[in-house]
Amino acid sequence: MPGLGISFGRGGATTFQQDLQHSDCILIQGSNMAECHPVGFRWVMEARRRGAVVIHVDPRFTRTSALADLHVPLRPGTDIAFLGGLIHFILENGRYFEEYVRSYTNAARVLREDYRDTEDLDGLFSGWDAEAREYDTDSWQFEGRDETLQHPRCVLQVLRRHYARYTPDMVARICGLDRELFLRVARTLCDNSSRERTSAIVYSVGWTQHTVGVQYIRAAAIVQLLLGNIGRPGGGIMALRGHASIQGSTDIPTLFNLLPGYLPMPDVDLTKDLKAYLRTYASPAAGWSQLPKYLVSLLKAWFGERATVENDFLFDRLPRISEDHSHLATVASMADGGVRGYFVMGQNPVVGSVHGALQREGLRKLDWLVVRDLALIETADFWRKAPEVQAGEVRPQDIRTEVFFFPAAAHTEKDGSFTNTQRLLQWHHTAVPAPGDARSELHFLFHLGRRLKALYAESRDRRDVLIQALTWEYPLEGEHEETNAEAVLREVNGYDVKSGAPVSGFEALQDDGSTACGCWIYSGCYADGVNQVARRRPGREQSWVASGWGWAWPKNRRLLYNRASADPEGRPWSERKKYVWWDTQKRQWVGEDEPDFNVTTPPDYRPKEGATGLEALSGTAPFIMQPDGEGCLFAPSGLLDGPLPAHYEPEESVMQNPLYGQGRNPRRLEWERRDNPYHRAWGDPRFPFVVTTYRLTEHHTAGGMSRWLSWLSELMPEMFCEVSPELAELRGLTHGDWATIRTARGAIEARVMVTTRVPTLQLNGTTCHQIGLPYHWGYSGRVRGSSANDLLPLVADPNVFIQESKAFTADIVRGRRVPKENP
Amino acid sequence: MTRRYRDDPAAMQDGRNVNPGLGVLLGEGAQQQVKRVEEAFPAPGVTEVPPVHAVATAARPTYYGQPVLKAPVWIWTVPVYFYMEGLAGAAGALAGAVTLTGDEVLRPFVRRLRWVSVSCCAVSGGLLIADLGRPSRFLNMLRVFRPTSPMSMGAWMLAAISSFSGIAALLSDAPGALRRVGDAAGYAAAVVALPFTGYTAVLVNNTAVPVWQSTRRSLPFLFTASSMTSLSSLLQLTAHGAREQQIARRFGVAGRIAELVSSEAVERDARKVPEVARPLAEGRSGALWKAGKAMAVASLALSLLPARVKWARTASAVLGTAAALSTKLAVFQAGRVSSRNPHATFDMQRAGRGAAEVGHGSSNLVQLKVEGRLIPLDQAQGPTV
Amino acid sequence: MPATDPTPRKGFFTDTTVCIGCKACEVACKQWNQLPDDGFVFTGMSYDNTCHVGASTWRHVAFVERPIRLQGQTAGIGDFSWLFMSDVCKHCERAACLEACPTGAIIRTEFDSVYVQPDVCNGCGYCVAACPFGVIDRRKDDGRAWKCTLCYDRLKGDMQPACAKVCPTASITFGDQDELRSKAEQRLAELHGKGVTDAYLYGMDAENTPGTGRLNAFFLLVDRPEVYNLPPDPVVPTKKAHAAWQALAVAGLGMAAVALTAAFSVREASR
Amino acid sequence: MATSGPFGGKLASWPVLRQLRSGDVTGLGATAASARTRGLAARIRTADAVVKSVCPYCAVGCGQLVYVKDGKLLDIEGDPDSPISGGTLCPKGAATFQLVTGTHRLDRVLYRRPYGTEWEVLPLEQAMDMVAKRVKRTREETWEETSEDGEALHRTLGIAHLGGATLDNEENYLIKKLFTALGVVQVENQARI
C-alpha cells in the first residue's frame, strides 16, 4: 500500500481494529465495513455506543450506512474531489492541528522554484514527458524550510493552492452530493480532531481499485496528518483487506516487484549489481538506512553457504524485472502466447479479476496450467464450463491447455500463519489430516522444489546456480512428508548463521553474511526460539492493545508512529488520548504499546550535522521510516503519478473533469488492444450509466470459498443488479426479473433489484444513474451466475498495478442475455 | 493408469453436504431427514413483490405480504376425520339415548348404532394416523394427558369411545350380566360422545388461525350439528325399521336446523373483521362453504317432506352428507387460506381481537393507533383494556 | 417443573438497532445444529432470501427498506432507513405449541425454554397451527416439527446458544431474564435519551404481549411489529379456548336433548 | 417412543403414570421429557481436542476453535479469547465447518490432457513429477539470460504464478523463494484486485 507507505513510511494500516472503539469520529469511505468486515465493525459499533459519530461516504446506502449516523452518497470515482474538499476546508478555515503539523509533517519544506502544480499546467505536474508518458520528479524536490509556513512554495502553501478550487460547491458538483452534507462531514471531522479528540478513517478496495487508487489513500493521509490523527489512539487510517493474509502476501510478497519486507525487486536498469542496488535503495538516514543488512540477510537465508561476501551473496544471479510484470500485464501477455505455464494457488482470476473473457483467452493459450484449490473453481474448469464453451463458440477439443488440478488442504489441516489487516500474525494449528491427496501449498512447493533441485543437480549451466544454491532443508513430518511450517517461520524470523540461534529482531541483522533472515519486518516473530505468532493470551486479561495475542510487525507494535501520540516534548497531547510518552524518570518512552521509536532517544535529541542512519532522526520525528522522520503532506518521490492527489476521472466516466483539461490520470496503465476496447472517456452515449462493483456479507470475493457452501449460497443465491426506481422506469426493468448489463468487453445477466438504496445523482444539473453489481458469481459452484468482472477492461493504477473496478460505464436493458452477445 | 472423473456425486446432497469422512454429524438438526431441500422453504418461489421500499409505509404494513403464520400442514384426511369422528360421536350419543328407552324392538338399532360408532372410530384412527408425519409413533398420542391440548383430549376421548363402544357393540346381544356391562359401556360411550362429537371444532378454534380462532363461540355448535346431520343422513340411507327412520329423521331435522343456524353464527363471528371472513366468501373455501349451506337447506327441505317419499329421503340423506362434508372441508380450507393472509392476523389484533379480547391490552396496540408514525411509548395514554 | 427448579430463566434480548444484517446468526444456527439449507431462491425481498423462520431455518434476519428517516440518522439519499431484525422462536411464557402438543414431545425445560423432543414428536402438526408467531413448522420429508431449541444441548453444557455467541455486534444477547430485562430497559432509556423515541421493547413483559405472557426471546424495535412480520397483539390460543369448550358443552348437551327427545318421542308415538 | 411408549415394555416410564405420581396435571414440564432429552449434552464436550485457529476468509483475523473427534471435525466456532473477535464470527466464518468438511472438496488430483474433453484422476506423485518436468522444460525454452542490450535478466517470462492472499505466510515465502531462484518473476496475488 504505497499510499500509506509513501505518506508515513510503512505500507500497512496505521492502527488496529480494536482501537477504533476510542475514536470520536469514524469516517468510513471506500469501504462497506459492516458487510465486508462485520466482526471488525463491532469496534465501530462500540465507538458509536461510547458516543462517536460514524460517517459513511459511499455511492450506495449499504448495511454500513444503515448503522451510521450520517450517510453521504457520492458518484463512484470522485473520492479525491471529496477528500480534496476536506483538505480545502481544513486549510481555509484554519482547522488543522498546527503544532502537530508543524512538528511532525513536512509542511515547512520549501519546494524548488521550478515546481509547477496542476493548477498551473491544467491537470499535470511539472516534469511530464508526454512521449514516455511519465514524470521526471526532479522539480518535485525540496530545497529548504520555512518554519513560519508562510513561504509561497512551502508545502502548506502549495497544498492550499493545489486545493484552492476544491470548494464545497465544486465537491457537490463533481460528487453529485448536497453541499450542506459535505460541510457537515467536514465540520464533524474537524470538531473531533484535536488534542482531546481523535478521528479515524477506514477504507478498503472502494478506494484502491481505481486508476488513481494510491492517490485516494494519499489524500486521506493528508487529511489525517493535517488533523493530527496519525499515531494517536482512536485515530489513524484503518486499511481493511479482503483476504485472510493479503497483508502477509504483500509483506512476504507474492508480487513481482518486491522481495520480502518491501525490498525492491532487482531492476534491469537500476541495479546492475549489489552496489548499485544498495546505492539506489538504501537511504542515508532513518529506517531504510539499514537496508543492506536486510537484503544480505535475505540472500543468506535463500542461498546459504553459496552466498558469500566474495560473490556478492549471489545477488548478480537474481532475476531482473524490466517492465510491468503484474497480473494484468501477464494476462495480456498470456493472451498473446507469451506465457506457457501458469500456477494458480487459491485464487480464481476468471471471476475475481477484470475482463474474464480475456483471462480465459489467456488460459486457452497456455501449454500447462496448475490450479490448486479446495473445489473445482471456474479457473480450473474454464475449458468445459466457460460461457464461450457453453455457447459453442469454443470447443474443448480445440483447447490445447494441459490442466492439473491439485486438491488443497484447508487451514484446519495445516500449520501456518496469516497476517491480518492490522499487520497481526496469528498462527493456526493442524486439527485434522487433509483428506486423500489434498496437500498444503507448503507441501506442494517443497516437493516441487525438491524435484527441481534433483533435476538440476547435475547442471553446469550458470542459469541454474540459484536453484542449486537454494537452501531447501526443512524438517518433514508424517506419512505425507509435510513440511514443518515452524521451521519456515524460523527462517523468516532470521538466525545467526554460525550458531543457528534465532535472532531477536531486525536490529540484530548484519550485512556481512553472519545473519540470515527471510523477511526483516517479520524478524522477532520467532525471538527466543519461541513461536511468538502462536501466543494467545486471552483478550480479557489484557488492555485493548492486547500485545500478548499473536505478533504484529514491526516489533509487535500495534499502533504505528505512536511517538506522535505525545507532543514534541514527549508529553501526552491530552490525558484522554494518552498512549505513548516520554518517562522523564526512566528516561525512556513508555505507554500502552511498544513505542514505535528508539526507546531511549529523548524528545530533545537533535541529530548532529551530517549524522547518518538512525542517528540522523531527531527526538521529534515520529515517522522513523521516512528519511527525514516527517509525515508526507507532499510526496516528492515514490509515486509515479504526482506528489499530490488531484481529482482525475475514471478511465470511463459519465462526466468531463470539471477541474482540469487533463481529465484522467495521465500515468494510468492502459492496454491498447483489440480485445480490450475502452469506452469514450466521458459521456459515451452507448454506455450512459455509472457502474460500481462490490461484495456482499454472504459471499467471499470470487466465490471459491462461499458459492460451494449451501449455508451461504441460500442467503444470496443469485447474481443481481441494484438499480434505482428511476433507472428501472427509464429502462423498463422489473423487480425480480432479468436485465442484461453491457459494456464493450461483454454482457452479463442479472436479476433486477429495484431499490432507492442506489440513488440517482444530480451532477451539475444532469441526472446520473448508477448500477450496482456484486461480483461473486461465476459458471461453477452450487449457485452460479454471471461474473460482473466480465464487463471490465484491463486498466490500472501505475503505482500498484491494481485494476479499476469501482467506477466504469455500461448500459442496461431488460431481459436475459442473448448467448452470442458474450465475447 | 488414469481413470475418468465424474463430478457432482449425487450422494450427500442433503442440504448440509457434509462429507461424513471429514465431519461428524451429531447436531440436533442433523437427524432431520431431507429429500428435497426446498421442502422447508416457506416462500412460493420468486416473490412478486412491489419494489422493496413500498411495503413498510403502507397503512396496513406487512412483511412483503409474507404470511405471519405457518399454514396448517394437515392433509385431506383431517377434514374427513372431522366428518368421521363426528359420526362416531353422534352415533354413540344416539345409541345411548335409544338404549335408555329400554325398548327391545329398538335393540337392533342400538346394536347398529354402536357398530357405526365403533367402526367410524376405527376409520377415524386410520385417517389420523395417515396424517401423522411419523405414523409409527401414533401411540405417543396417549403418552401424556394434556388438558390444554384439545388434540390430546380428543385422543383420549377417541381411545375411550372406541373402547366403550367396542365393548358395548360386542356385548349388545350378550346374555344377562354381560349385556348390562355392555349397556354400561354404551352409556359411558354416550357421555364421552357428547363433547367428542364436535370437539374437532375446539381443536381448530384453539389455533392461531384467524378464521378458526374467531369462530370459537359458534363452530362447536356447527360441528356438533353437522355431525348430527351426518349421522341421520347415514341412517336414512341404511336404516330399515319405520321407528328407526323416525328417530333418525327427527334427530336429523334438528341437526339440520341447528347446522344452518350455527353456520350463520359462524359467519357473523368471522365477519367482525372483514379480512377474517374473506375465505368464507371467496375462493375454493368460500364456494365449499356456500355449497354446504345450500345443500343443508335443500336437505332440510327434503327431509321435511313426508317420510314415505322415498326419493326425497334418499336425496335428503345424500345432500345432508354432502353438506356436512362440504362444510367441514370449507372450514378446513378457510383455515389454510386464513393463515396465509397476514392481514387477517394483523387486522384482527388491531381490532382488539387478539389478546385484548380475553381481558388484556397490549402496549403495542397503543402504538398502532396512529398510522405511519409511531406514538412513542412514553407519550401514550396507557394501555387500552 | 420449572417452578421448583432453581435454574434461572434464560432467553434472548435482540436489539435490532445494532443489528448489521450480516446473518451470522442464521449460519451459526445451521452450523451448530447441522440443519439443511432451504434451497436457492432469489426472492427480491431486499437482502432476505430465506423469508421466515421455519423447520430448517431457526434464526432468520428480516430486511425492511423504509422511505422513513430513522431518528438520529441522516441519510444522504433522502428519507430512508434500512431495518434489520433477527427473528427466532420466542420461547413464550405461555407457549401455544407446548400447550397444543398432544404427545408431550414439546416440553418446558429447566431454563424456561420450550423444546421439541425429536425422539417423541409424531408429526401431528397441531403446534404448527397453534403458534401465533408462525415459528414452528413440520418438514414433510422428515415428518416432525422443528424449531429453535435455545440450544438446549449447549445450555446443558453451560454454553450460550450459537447465534448469540456468533453475533458480531451483540445485537443478540443471551442471559438470565433478569439481567436481560435491565439491559434492555437501560438501552431503551439510552435510545429515548438520544431522541430515538420510536424505540420500544416487544415482548419483554406481559404488558407488551399479554396474550402470550413474557417472551423469553424479546426484541427492541423501532417500527410497528407488523413491519417485522410480528403480530401486534399475539395470544396463546388456549386463553380463548374456554369459550370454545363452553360452546361445545352446550352443543353436546343440546345433542343429548335432541337424541333423547327423538328416541323417546318416537317410542311414544308408535305405541 | 421405543423407550418411553406405553407398550415399550417399560410401563413405569409411561409419562402419564409419572404425571399421576407427581400430580402434574397439565403435563407440560419435566414429566414429559424423554430419556434422550434428559441425557442431552453438547457434542463438543466430548471432543478429543480443541485446536486454536484463525478464520480463513477476510483479513479481520477472527479467532476460531476447531473441535476434533476421532480424527474428524466436530465443530468450528469463534474463539472467545481473541481480542479482535471475542468469540464472534460473520456468516462466512460461521460456515467454516461446511467449507472444510463439505462434499464439494476434492481429494484427488485431476488431469485434463491437451484437447481433452474430460477430467481424469492422476496419482499425486505422478502429477508432481509431471509438473516438475514441465517447469524445467518451459524454463529452458523461454530463458532470458540477457536483454538485447546485453544486460543481465536471468529470468523466464514463460512461467507465471498467481495467488497468495489466501495462503499462509510460510507458503508465500516458499513461493517467492523457489520461483525467484528459478528466475520466475511473474509472481502475483490478489493485491492487484
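Order of writing sets the chain letters: A, B, C and D. Residues in each chain are counted from 1.
Note that contacts are C-beta pairs under 8 Å (C-beta built on N, C-alpha and C of every residue); 3 or more make two chains touch, one makes a residue touch a chain.
It should be emphasised that the depicted structure is a prediction, and the values quoted were computed from it without experimental measurement.
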Between B-D and A-D, the pair with more C-beta contacts: A-D
Distance from the mean Cα position of subunit D to that of subunit A, given in whole angstrom: 26
Inter-centroid spacing, subunit D versus subunit B (mean Cα positions, whole Å): 50
Averaged-CA centre spacing for the pair subunit C and subunit A, given as whole angstrom: 45
Inter-chain centre distance, subunit B versus subunit C - centres from mean C-alpha coordinates, in Å: 24
Residues of subunit A whose C-beta touches two or more other chains: 38-39, 42, 376, 432, 435, 697-698, 709-712, 715, 735-736, 753, 755-756, 782
Numbers and ranges of subunit C residues touching at least 2 other chains: 22-24, 26-27, 30-32, 36-39, 41-44, 46, 50, 65, 67, 80, 99, 104-105, 120, 122, 152-153, 168
Subunit B residues counted as touching two or more neighbouring chains: 7, 15-19, 21-22, 26-27, 37, 46-47, 49, 52-53, 137, 140, 143-144, 146, 148, 152
Topology of the chain contact graph, where touching chains are joined (line, ring, star, complete, other): complete
Touch list for subunit D against partner subunit B, complex: 1, 4-7, 14-16, 19, 25-28, 31-32, 43, 69-70, 72-74, 97-98, 100-105, 108, 110-111, 118-122, 126
Residues of subunit B defined as touching subunit D within the complex: 1-5, 7, 9, 11-13, 16-19, 21-24, 26-27, 136-137, 139-140, 142-148, 152
Subunit C-facing residues of subunit D, complex: 1, 3-4, 15, 24, 27-34, 36-37, 40-45, 75-78, 80, 85, 87-95, 97-98
Subunit D-touching residues of subunit C, taken from the complex the two chains share: 1-2, 22-24, 26-28, 31-32, 98-99, 104-108, 110, 115, 117, 119-120, 122, 152-154, 156-157, 159, 162, 165-168
Residues of subunit B that touch subunit A when the two form their complex: 7, 15-17, 19, 21-22, 37, 46-53
